[in-house]
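Two complexes come next, and they have one chain in common, chain A, joined by chain B in the first and chain C in the second.
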Partner chain A sequence: MNKVIVMLRKAPYGSVYTAEAFRTIMGIAVFEMEICVIFMDDGVYALLKDQNPEKLDMKPLGDGFPMLKDFNVSKFVVHDESLSERGLTTDDLVLEVELANSNQIKDLMNDYGKVLPF
Partner chain B sequence: MKIGVMILEGPYQHQAVDSAYLFIKAAIARGHEIAGIFLYTDGVNNINKFINPPGERNISKRLSELGESGIDIVACTACSKFRGMRPDLAVEHVRQSGLGSLAEFLRAADRFLTFGD
Partner chain C sequence: MLFTVNKNSLTSNSLDSVLRIAPKGSPILLYEDGVFNAADGAKHVIKVQAALEDHSIYALEADVEARGLKKLIKGVVVISYDGFVELVEKNEVVPWL
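Let's look at the complex of A and B:
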């Protein structure tokens, strides 16, 4: 099985990257790809509960991530420092995630070999 | 080694596509093979055949030449629709297709590089 990390590092709104990362995950998951999704820096905001971006003409992105289990995507990793720096905890997030420090994320990147950064 | 490439930014605003082009030329010169180039988000604008920069590098022509040399260059169909990049606006030796091509390039490649902002 092919393995790839999709890494989200940007804020969910204000640019298209998070929405496209989400679309990429769905788009390649159907081709027998083992996917690990990592949220770092402002990327952690993508998982916040109760997003309400309608006034920006954007659809809420957070609600989509729990759905990815239906596409056999179930490995979600959040960079612990990025979360705590923003005053957030896992209780603020829409789904259960694994917390990882920078070294553990480095190991994941080594293990998966290929990374799609958004 | 087989190398896959994804480009996320359009022409001239960001360096991404230029870096990708120079990287690919250097990789080929070193004997590596390119598994494919996937143009995603604004990257689909890099193959507009009407790009015409007076006295400067022509990005779409450069990509077309890479395509002519046998590299599979795919622009995301959905991203192209969002940006009005109709297939008849594209240079020769490139094609439009979906994320399946990205999956295919990922599978074929030993290493995969993304050029973005």
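Let's look at the complex of A and C:
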């Protein structure tokens, strides 16, 4: 099976990157590829609980990620340093994730060999 | 002069450069990804607290709510779009993009 990492590094709402990454994940999932979704830098904000963009006339982006399990996307990795320097813990996130340090993410990059950065 | 900042200082030097050159007393409005600067507990808290001694700092409510930020740094004032308009009426705007 083909394997790919989708890497989110941008905060939601300020740009289209989070939404486009999500669409890409959905698209890839249909082809039954093994997907690892990694959140680092401002990308960790995509998973914050209680997002409410009603006043921006946008749809909440965080709520979509837990639903990806229904499409057999279940490997979610969060860069620990990115999370902690933002004063956040896994309790602040909408789904259960694996925490990984920079070296572990490096290993994932080697293992998967393909990365789609957003 | 009202300085508006729309980027997170963890991934951009936008706020840092504003703080270097903004005259004392000039208000700073955080909007879009700039509201992350108002989040309590993050690495930049000390910098923002120090800035609050020289500037009023505002965060746009719609952007705070959208991003799910619940705990903000004490002293940062959350304002609505109407509050934003009032600030713009009172001050010359410097959009720090």
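Note that in this section the second predicted complex is superposed on the first by the 118 of 118 C-alpha atoms of A that agree within 3 Å, B and C clash if a C-alpha of one lies under 4 Å from a C-alpha of the other, contacts with A are read in each partner's own complex, and residues count from 1 in each chain.
We adopt the following convention: contacts are C-beta pairs under 8 Å (C-beta built on N, C-alpha and C of every residue); 3 or more make two chains touch, one makes a residue touch a chain.
In this text, all values refer to a predicted model and were calculated from it rather than measured experimentally.
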- Message: Let's test your reading of the overlay: on chain A, do chain B and chain C clash or fit side by side?
- Response: fit
- Should A:N2 be classified as contacting the first partner (chain B), the second (chain C), both, or neither? first
- Task: Once the structures are superposed on A, label A:G62 by its partner contacts, choosing first (chain B), second (chain C), both or neither.
- Result: second
- Message: Once chain A of both complexes is superposed, is A:F31 in touch with chain B (first), chain C (second), both, or neither?
- Response: first
- More residues of chain A are touched by which partner: chain B or chain C? C
- Task: Name the contact category of A:L116: first (chain B only), second (chain C only), both, or neither.
- Result: first
- Message: By the touch definition at the top of the document, which applies to A:A11: first (chain B), second (chain C), both, or neither?
- Response: second
- Task: Rounded to the nearest Å, state the minimum C-alpha distance from chain B to chain C in the superposed three-chain model.
- Result: 14
- Task: Report the residues of chain B in contact with chain A in the complex, numbered from low to high.
- Result: 6, 8, 40-41, 78-79, 98-100, 102-104, 106-107, 109, 111-112, 114, 116
- Per the touch rule, the chain A residues reaching chain B in their complex are 2, 4, 16-17, 20, 23-24, 27-28, 31, 33, 113-118
- Item | Partner chain A, residues of chain C touching it in the complex | 6-8, 10-11, 32-33, 36, 39-43, 45, 61-63, 65-70, 81
- Note on the structure: In their shared complex, chain C is touched by residues of chain A numbered 11-14, 41-42, 45, 48-56, 58, 62, 85-88
